[in-house]
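This report concerns only the one structure given below.
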Amino acid sequence: MRFGALTALSEVSLRAEPGTVHAVIGPNGAGKSTLFNVISGVYSASAGSVRLGGTTLTGLRPHRITALGVGRAFQNMAASPNESVEENIMLGRHLLTRSGFVSAGLKLPWAVREERLHRARVVEIAEFVGLGHVLHLPLGTLSYGDRKRVEVARALATEPRVLLLDEPVAGMNAEETRRMSEIVLAVRESLGITVLLVEHDMSMIMSVADRISVLDFGRLIADGTPAQIQNDPAVIAAYLGTTAGTDTGAASVRTTASSGHISAGPAHTTAPSQQ
Amino acid sequence: MFGAAIGAIGLNILVGTTGQLSLGHAFFLAVGGISYCWLSGESNDAGAHPYVGLGLPPLLGMVLAVGISGLAGLLFSPIGARLKGLYLGIASLGMVFVGIHVFNSVDQVSGGHNGRTVPEFSLFGFTFDDSDPELYVLNVEFEKFERLWYLGLVLAVGCYLFARATLNGRPGRALRAVRDSEIAASVNGVNVTSYRAKAFLLSSMYAGLSGVLFALAIGSVAPESFAIEISVQYLAMIVLGGLGSVGGACAGAAFVTALPYVLGEYAASIPGLSEPGTGGVSYSEAARYAYGAAVILVIIFWPTGLAGIARSLKLVSMRRAARNAPT
Amino acid sequence: MTTFLSFLINGLSLGSLYALIALGFVIIYKASEILNFAHGAFLLLGAYVIARLEPSVGFFAAVAIGIVATALVAFVSERVLFSRVRSAHMASLTIMTLGLDLIITTDLTRRIGSSVLSLGQPWGAGVVRVGGVSISENRLIAIVVAFVLIGLLFAAFRFTSWGVALRAAAEDGEAAALMGIRQARVGAVAWIIAGGLAAVAAVFLTGSPTPGLEPNLRTIAFAAFPAAILGGLDSTTGALAGGLIVGVAESLFAGYNASLTFLGGGFSVVVPYAVMMLVLVARPAGLFGTKELHRV
């Protein structure tokens, strides 16, 4: 993944096992968001590949990747503030529904039925993340923590096999963070969805992650269980800021996932620096 | 007026809901209005400016005219779908200027600079003009004006319901997502280019129908009847009414069409206004001042338009309900 | 060949005036992200003030006052109207400039009526001939003045703190604000300069071969919009290139109109728009415009 002269990701190869919570951590500018942008197809990798199970996602447009089972919750909420919570989550059902301008406009029976069925599912999802009581309020009137959960609910509404969570607890207070952690675990337990998580909050990560990959300056410097990572000297050095240096080499992501595991393999992309 | 409401609903789908700016609405009105005249009108070989008409039944003419407007919309979809926001705004300005030129050039169809008369509308033998069979409802004689009024009302209600259903359903959600964040929309699986093209197409069909009604109401159209000022008026309607709201578009249409009449009605009693040609400020000029000023003031003090007021009232009551509900 | 050269040079002259207007349009867009449809009205206003004052104070003083007056009106509109609604929907902002345009043009059209006012350009209606190529004195002076002004403006972009601030604000308004760039000042100066440029363009657009100031001056000025967008809305180089392209194309089509009757009479008037649409199909962000980059 390269942005002009800047290489944002280099030789990053990671593999998320199905049904796990896999966290990606690293200091600011380490390339975490870029990794997500490559996986979800917002940026296209200049080299390397992203695979979901046996399917190659590399080079596909974002809506195709979503259709193949990758749901993404954004870091800074990209939803519509004036729309109700329900409408925002319903957007996630886009690919699972069929009605077009004519069938919706004429309220054809099957389109009405489809809408009703999917709304029912949206209510379930909203209750799953604890938003059942605010479904009809405009998103913009909700608290910060609630809005973040709407974003997760919307990503879940695409019925993904893999859920990408981009800093889900950034800026949250302790109580909100605790609720989000519960949701992440519940997603894995009761829905069996693989979660790929980017986050800065270490205690949150340690409490939910099954496996952690550490990025620094666009390279993978460590990969292991939370316990291994906590004691890894390279990670400690990166966080304390003792390593420095830039990498101008090639950039990569490999992402593989089948029925819930995603792996990012050597991949490069081009655009301005993230974070 | 109902014609205006239909056109405004169509433009609002494109501008308010999808977030594309269009100043090309007048062009699609022209396509609708002039196609209708061509399809359902009679040929006129007499005089220095002959034109042709296919003499089709008016209802068929109306339906086909809307179809042709849609086709024109499709034709411009390489521009309509690929350009974003403000760029489309100016590009669509080009459609109006080039459109008028093209229509003037095909004077066999449009009647050229002199225009052509608009064939009366009729449905199953009932004509929407002043002729027989005479119709009285509640002792009011239904003449052309009243008959067209009801035709417009029926069509506008139909268009209103269709637009509301579409926008409340899956397509509307997708369009709003395109407006609010292109990337978020695509990550949710919305094909951004395709939805922009569809919004453009739907908007041009609404404009086409609006053009037919406009033509019926004024009785004679020329390409110059559909100048850039018409586009500006429609844009004013949806901004005043409230961007993205179907009901707001109708309210805005009512306001903008009624303003000159209201000012005309009361012109005599407003000090400082005078008859046209006497050197003072005439009422049509006063209407233009008022309308320019209204647009500016509404945006500064009341940015969500008429629909915004309704929405905030609703929100207040919903919040109150949420507060009172046991948690 | 000489006929072609004549058309070409006249086109360049017209194009340099379009470029002046388009530049104003572009710097307003860069500073405030507004498409200023009232720009035609500014032009009309400048010309009107000059025409009215010229008999009493003389041409050059009238031009100076006209430029200042137009710049002032542009400044006041920015301060009083547009700076209040920065975050409004682009359709709202656009319609607001159209509202302003409507008020100014209605008023000026009423004042001008059906008369043709002269701005009293001292260079009159003379024609300069060089080896068979003829161009009106007015248009010749226009080229010179326009290019001097454009040169000064480009120098200002590069070397003054305002120019740097403008470019920074256009790149990323928030970041520029964080770095201490006062957007309000950048915006106000942009509107002042744009207003002034419009008044200057008006002086030459109302000179020979045009008979004088008529309300349709605003429509002529409209051709600067396609010029701005085909070059790329956020590019000053694009405005210059776009202005010249549109001017030359219009002049050539007008010149060879007789042999182009299959396009319909008077096609030259719509040439700017036709050229613009062709360019945009190929390059949706214009010739020199930057494609937006997204952050998520």
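Worth pointing out:
Going by the order they are written in, the chains are A, B and C; count residues from 1 in each one.
Just so it is clear, a contact is a pair of C-beta atoms (placed from the backbone, for glycine too) under 8 Å apart; a residue touches a chain by one contact, two chains touch by 3 or more.
None of the values given here were measured: they were computed from a predicted structure.
Central chain assignment: B. Criterion: smallest distance from chain C-alpha mean to the mean of all protein C-alpha atoms. Look at the CA centroids: the one farthest from the centroid of chain B belongs to A.
Work out the mean CA point of chain A and of chain B, and you get 42 Å between them. Centroids of chain A and chain C (each the mean of its C-alpha atoms) stand 47 Å apart. Averaged C-alpha coordinates give centres for chain B and chain C that are 30 Å from one another. Each of residues 294, 296 in chain C touches at least two other chains.
Shared contact sites, meaning residues of chain B that touch two or more other chains, fall at 183-184. Multi-chain contact residues of chain A (touching two or more other chains) are listed as 42, 74, 78.
By the touch rule above, chain C contacts chain B in their complex via residues 29, 35, 81, 84-85, 88-96, 98-103, 106-107, 110, 222, 225-226, 228-229, 233, 263-267, 269-270, 272-274, 276-277, 280-281, 284-286, 292, 294, 296.
Across the complex, chain C is touched by residues 15-16, 21, 78-79, 82-87, 89-91, 93-95, 97-98, 100-102, 104-105, 182-184, 232, 235-236, 238-239, 243, 281, 285, 288-289, 291-296, 299-300, 303 of chain B. Those residues of chain B lying in contact with chain A across their complex are 162-163, 165-166, 168-174, 176-177, 179-181, 183-191, 198, 202, 315, 318-319, 322, 325, 327.
Those residues of chain A lying in contact with chain B across their complex are 40-42, 61-63, 66-67, 72, 74, 78-80, 83, 87, 90-95, 97-101, 104-107, 111, 115, 133-134, 136-138, 141, 154, 158.
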